[in-house]
Structure formats: structure tokens, C-alpha cells
Amino acid sequence: MEPTSLAFRERATRALADPVLSTALARLETGWQAARARAAADLPEFEALRDAAVAIRDHALAHLDFYLEAFERRFTERGGVVHWARDAAEARAIVLELCRAARARTVTKSKSMVAEEIGLNAFLEAHGLRVIETDLGEYIVQLAGEVPSHLVGPAVHMTRERIAELFAKAHGGPPKQDSAALVAEARRVLRQRYLEADVGITGANFLIAETGSIVTVTNEGNAELTQGLPKLHIAITGIEKVVPTVEDAFVLLRLLARSATGQEFSAYTTFLTGPKRPDERDGPEAMHLVLLDNGRTRMLGGPMRAMLRCIRCGACMNHCPVYLAAGGHAYGWVYPGPMGSVLTPHFVGIEKSWPLPNASTFCGRCEEVCPVRIPLPGLMRLWREEAHRRGLAPPAARFGLALWAFFARRPPLYRFATRIAVALLGAFGRRRGRFARLPFARGWTESRDFPAPEGSTFTAQWRARRGTGR
Amino acid sequence: MADSPRVALFVTCLVDLFRPSVGWAAVELLEKAGCRVEVPEPQICCGQPAFNSGDRRTTEELARQTIPALEPYDFVVAPSGSCAGMLRRHFPELFDDDPAWKARARAVADKSWELVSFLVDVRGMSEPPGGFAGRVTYHDSCSGLRELGIKAQPRALLRAISELELVEMEGCEVCCGFGGTFCVKYPEISTKMVEDKARRAEATGAELLLAGDLGCLMNIAGRLARRNSTLAVRHVAEVLAGRLETPPIGVGRVG
Amino acid sequence: MSEARRAIFAAIRERLARVDEAAADAAVRERLARPRAVLVPARARLEGEARIALFCAKAQAVGTEIVRIPDLAALRDAVSTSLRRHNLPSALVRAADPLLDAAALETEPLLEVRCDVPRETDAVGLTVALAGIAETGTVLLASAPERPTLLAFLPETSLVVLPTVRIAGSYEEAWATLRGLAGWPPRSVNLITGPSRTGDIPPAIELGAHGPKRLIVFLLDRPS
């Protein structure tokens, strides 16, 4: 997927003018945000679990090669097949090859952000496969020809009316009015797709080195039908998802749903360890796992390693005032919100995405709620430094910063210049106390007044009344 | 030192330029709390405009310029959670490759405080000298709240003012949309955020909104003025010190 | 091994730049050899009837129906009653689990019972849980030749028998008990916490998105 992150501001501005989207995004605040707060408050050990989760993820990442080897060994012992992909193209080719070898025509898919990352659907469709998303939100987005706007709720930006239209167009019949009828319709339609599918593709929330298991988490039960009905199951995920033991996974699982939707536990958490065993009567005959690097190893070396702790809960975006204003599509690639503002430059290049790490007030709510305490603002700042080094900011912003820095590094000159500026602005603004328009601050005064200065600086007043300080 | 510490007031660029009365309120509160206050030079800016723009070099240069001025004091106090957070949390991380400067930055960081938390947590203030009669709401500025844990301290002092009624607004911990250069880089998003803040503040029925950071206050006051709101805006130090002779932020002087 | 694999592992090792490989290896071996609970919430450390009560409360909070029965002989009636209460046909497909064999469901004249993998047309599936987890009202199902996984996913109503003695406080406790079983973990271990649900179509949470719309757990006090 070609990133459109450079148009963040334009797309965000359009989003702000869309009352339907604003209503949809406001639901996140009263819904998942409030639910997470309740869930965290209901579990006295919540903060301690976050600390434990950080330690588990850091330990696993610091020993990533060992744990991947251990995982691979166990997974293979149980009859699974591991494929390693350095980049998106390799991963796509592996999946296509597996589908072809299985003479597959229809593929069902359970939501996978890594599949979005590598643009899997479009690729498989271009090669003649029929791909059906089964997560209801993802299915809706697929019908609309869109991409997910949220990690956990791909269709959070849509209203019921829009979904009803999409369903009527795709399934026939008049648009249904209530959500129960729409869910029932999707269930009926997608049931047929499950039964027709030759291949089921899922993601994986965690890999467990101890047992060679992959873990999927859903509320709908679609992962189980996706991997459990066809003959071939292909899972795809990033190499960073491995944890040492089942016990470690439980720490992360206790945090995942609480952080995401405020549930104590998602409805379905499934540990899969290889394909159908000899005497079993259901399950896929073959199980393949594609492990994707795609630049993840590059993140291991420095402070960006913390980003690899991410468990894709979406709490950062649920709590981000910028995400809640702009919506996920404004971010212009696969991963939205604060975690996306850190990841997107990594995957698509800072030159194609520098507005994203700048699209934050550094208010710190994302870091405050992140279950694995990723210092998201700090990592966004690192990208700002990279953008600054490469001179990517618009000329006006760079000029303004350089001008300010010129004065700030010359204290006597700064004092002199600011005294004059403040005296002038103070005199002009004295009566009203504010300015409705200022030529050099249009971004500000378009929508708010600019408070006038009192007229003299504190440092000048201090010198006059109390001497020169030390 | 315990009796009468020497305190460097880090006045912050915004207070210096726009609202010196906040600086005087801080001086008064610090002196009330038994401190000897000085305003050492050079102190221009904590460097956040550069730091948050990714200009690490300028940030470091400004820190090297500022740190020596602050070193001789027992404490450094700023009437801003954002600037105090810069001194306390970020100055040391600027010098990861320079142990000598890192140690100096760390020493300054360890004695740097935001004004209200310094008054309460270090000086044990429980009864502020100032006063205000009326209904007030308090906005938690992001850096003070999340970098320095400032939440209870201003509320404790405000509640000690007998005729002041503190009414919490919905989302008092949500960012106002200022974000330094953010407000001019993404004015549309910033406007949406400050509009939400203004509406929620108005909904409390308060007559005065307080916060501990002038950046947020100018942003909120500017939006309220554009909405023709009657809700006044002041820095919390002004109320705590009882320095209310200067008109609220963005309000003109009569005559 | 593939070129991609070699390249990825080389990149990992280069980036991690560990100084003491032997220590790292030992740390990993130790961790994998002796899995231990990291942090179990106090809530999960209940015993006896209090633990069962927590299981029920947590399960009901997410929409699971709980039917408590004294012994296997009571299962027949309990199942029939539940199906009637929901206006469901008196027909089900069940696991070949010995516990269900012993319940002699087939002797109930009005209940049509098949022992099989479920088909799309089956409305009700009945299986047995290997454990319950009080902490969140979760049932743990494990695949086996006699317990097809799909029994709890394909039919619109999922019936699960859970002996109360199998209720653990925490996930870790449940897993630790099962870890010693031959062939553990099986192909598929399902932790199920309530019926299938979705919030993707506003405004409400709807049940039965893909998996069961209804989850009924029969808590069995005396399995034999």
C-alpha cells in the first residue's frame, strides 16, 4: 500500500469537517477509553502486570534469536512448517506459493495487521484468488474497498447506516435497520465462505517458544473457523511476537483485552500447536507459519527496540486526542495513531511520513496507557530529530525555528529584542487585551484570539525592582 | 538551607514575555514559603521549541547556556510543569555522550521543581496566602501531570481557600491542543482540541479556569475569547498569591 | 535452512550485539525448562466454594449461562430443559468424551444425540472442558480425537460440561495441571470466555458474530 502520510494535515482537516466520522470517533472516548479505565481500576495488580509485561517483552527481545530457534524447533516437532521472510515481497510470495500448491481458489482471513502491512489481499487477488475477510469490521472495510482505521476496530469510522448500505449492495435485499439483523446477515453469508475456503489465513498475537504454539485472540470466534475448517492454515506474524513460556503469555493476555476494549478477557483465546494429529477428526491437515522481519531487526539495535514490545491493543489511539480528531485514515498507511506514528516512518521511510511523528502534542496519554509502557512520545521525538537532520520540515517552520534559536543563543540581544517587541505588542493590545488577527501567527488566530503581553518583560521588571540577580 | 533555601526562579520565556505578573506571584509564594528568590541570568528558555522540533543541537546549546546559571542554587523553580519537566526529565538525556555535562545536568534536574508541587511537596505549604471567592475549574497541563505527577498539589491549595469552590470539568486531564509548535503546525486539530476543552470548562459553570502552564492558558483563553465566553482564565499562581489586579489572560485594561 | 532465515538471524545477532552468549543461552534454557507463574492476581487465589462462586459470577458477567448439576445422571434433564427454555430443537451433536458416554444422554427419548464432528446444520454442540478458570469465568477446551474443536464453534448454541473440581483460580494454575498430560499441548487449546460477540456494528455489542450465540456451562459437582 502506497503511503499517503504526507497529506496527514489535509486528510485530518477533511476528517474534522465530517460529522459522521466525528460521532464515530467520539464513541471511542465514551466506550473503550472509559472501559479501559474501569478494567484497570478493577484489577489491583494492573500496574504490576504492566511492569511484568515490560520485563517479559524486553527479555524476549534481548534473546530473540534463541527464542525464535526454540519456537521453530517445537513448532516443527508438532508438524508445523516455518517460513522466514525478510520483507513484504518474500512474505507475499510464500503465501501465494502455498495457496497455489494447495490449488486454492478461496481464502478466508482472520484479521492480521501483518497481512495489511505486506498488502496481502491485493496481491492474492491480483493472482486470481478470492480473499474474504471474516472479522466483521475487516469484512465491512473490505466491502467498502477501504483499509482498517483502527487496530482493534477496523470499521470504527463507520455508522450502522453505511454498513447497512454496504451489506444491501453486497448481499442483496433492502438495507437492514438494526445491528442484530446486520450481524445475523453477516454470519449467514460468511458461514458459506468458511465452508468454501481452501485456505485459512490468520495472524498471531503471540508465539510461545516453550510449546511451539501460536496464540490468536478474537471476540467473534472467526479465527477458529478460519483456521479450523479449511485443509490448510497459514499464519503470518512478525518475528518480534515470541515470548518464552505460556505463563509469560498469560501476563500479556491479562493486559491485552483490558487495554484494548476494557474486557477482562476476550471471548476466544486459542493456542494452536501444529496441524491435525493422527486420530483427530477436525483441524487443518497442514499448518504453515510465515515469520516476517520487514525491518524489525533494524529496530532491535537502539531505543526503537521498545517499540517491538507492542502487543497491538490500540490503547494509544483510543486515548490520543489527535487520533480522536483525525481518525485512522488520515495517518495514510497501515498503522494509525501514536504507535503508527512511530512505526510508519520505520516501514515507509521518514521522507514519506514525517508529518506523523509531528502530529502529537506530546501530551503523554499514549505512554500513560500503553500496557507495555512504550515511550511513544520519546520515540516520536527521535523521528522528529531524523526529519530535522534531513531538513524535511517545511521551510517556514525551519526558518522560524532558526530565527528563534539565533536570538535564544544570544541572551543580551534576545533581551533587547524581546523588550521592544513586547512593548509594542503590549501597547497595541492594551485595551482589548488580545488580538483577533496577527500576520505572523495566522495558524493561531484563524480560530482563537492571541492574548496580548502585559507590556514589559518580567526580567526587566525584576532588574528594575530587585537588582540584577546574582 | 532548610530554613531559607536559595531558589532560582526559572521564570520561563512565556511568563517573561507575556505575563510577568505570574512571575511576581511566584516570587511572592516562594518568599511566603521562606525562600530567598533570585532570577539568575542567562535564562532564556528551557529549549523545548527546539527539542520538540527535533533540533537536538540547539537544545543542547541552550542547556549548556542555562545550566551554569542554575547550578549555584539550592532549588530551581519554574511556574510551569512543561518547562520544569524539561529541566527535570529531559536535560540529563541530552548529554548521553558527555559524562561531565550529564552529571551537571543531572544535578540541576534533581533540584528543579514546578512551582506548586515545590510549595506543597518541598516547603509543606498548606494554606496559600491568596484568596478568591467563586467557582473555579482546574485544567491539568499534560507535562506537569504526566512527567511530574502534579495533580493533588494545586487542588489541595485551592481547596484551602475558603470561599473558592473547585468544580472538576469532564476530561480535565485531556490535552488542550497547545503542544508548543503543534498549535501552528496542525491548527485544525489543535482548534478541535481546544474547542472541546473550552466547552467542557464552560459546562462546569465556573467563572475562572486555572492551570499551571501559560502556554495552555493562552491557548484556552484565546479560544474562549473567540467564543465570546465569560469564563476568565488565570495562572494558578495568581490566585494562590492573591495577585488579581492584572486583568485575566486576554482581557484588556479599562482606561 | 533458507537464505532468508540465515539473514534474519544474522541481523538479529548483529543488532543485539550480546557480549556473553553463554550467559544468554543459559538464561533462555533455564527459563524454558522451568516455566513459572509470573504474577497471579490475588483475586484468583480463592479456594473451594468461593472459587466456584467467582467462576460463576465472572462467566455470567460476560453472558455465559451457568447450570449447576449434582451428578452425571442430572445432565440429561438439565440439557433438555435448557434446550426447551431457548426454544431449541431437541437435537445435539456431542463429543465422544467418556464423561458424556457415562451420562447416557441417548437414553432420553425426546433428545436426538449424535456423536460426531459438527456439520453446518447442527444447532447445538456439546463438549467437555478440561478446566475452568475462576479469574475470568473462562472454560478451557482441548482438542482430541474424542473432542472435535468445532463442537464449540460451529453450532449456534454451545453446551459445555465442566466438573467443578476442574475449576482453577488462574490460567497458570489450570495450565500447570494440564502440562503433564501426554502430548500436551494438543493441537488446539481454546480459552472461551462467554459467547461470540462483536462491537463492529454500532451501537450495541451483538452476540453470535461467528461462533456461538449462546454458551451454557453445566457445572458438575460429582463427575462419578
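All chains are identified by letter, namely A, B and C, in their written order; residue positions are counted from 1 within each chain.
As a working rule, contacts are C-beta pairs under 8 Å (C-beta built on N, C-alpha and C of every residue); 3 or more make two chains touch, one makes a residue touch a chain.
All values reported here derive from a predicted model rather than from experimental measurement.
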item: Separation of chain C from chain B in steps, with touching chains one step apart; value: 2
item: Most centrally placed chain, judged by C-alpha centres; value: A
item: Distance-maximising chain from chain C - centres being C-alpha averages; value: B
item: Mean-CA-position distance for chain C and chain B (Å); value: 53
item: Whole-Å separation of chain centres (CA-atom averages), chain A against chain C; value: 30
item: Where chain A and chain B are represented by their mean Cα positions, the distance between them in whole Å; value: 32
item: Multi-chain contact sites of chain C, meaning residues that touch two or more partners; value: none
item: Chain A-facing residues of chain C, complex; value: 2, 4-5, 7-9, 11-18, 24-25, 27-28, 31-32, 35-39, 41-43, 58, 62, 117, 120, 135-136, 138, 143-145, 148-150, 153-154, 170-172, 175, 183, 185-204, 206, 208-212
item: Chain C partner contacts - residues on chain A that touch it in the complex; value: 24, 27, 31, 43-45, 48-49, 52, 56, 59, 62-70, 78, 83-86, 90, 134-137, 140, 153-155, 159-160, 163, 179-180, 182-184, 186-187, 190-191, 195, 209-211, 213, 219-222, 224-225, 228-229, 239, 244-248, 250-251, 253-254, 261, 263-277, 279-283, 291, 293, 297-298, 300-301
item: Residue numbers on chain A that touch chain B, as the complex places them; value: 9, 12-13, 16, 321-322, 325-326, 358-365, 367-368, 381, 383-389, 393, 397, 401, 404-405, 408-409, 411, 414, 418, 421-422, 429-434, 436, 441, 443-444, 446-454, 456-459, 461-462, 466, 468-470
item: Chain B - residues contacting chain A, complex; value: 11, 15-21, 23-24, 38-42, 44-45, 47, 49-56, 58, 61-62, 65, 72, 142-143, 145-147, 173-175, 177-196, 218-219, 221-223, 225-226, 246-247, 249-253
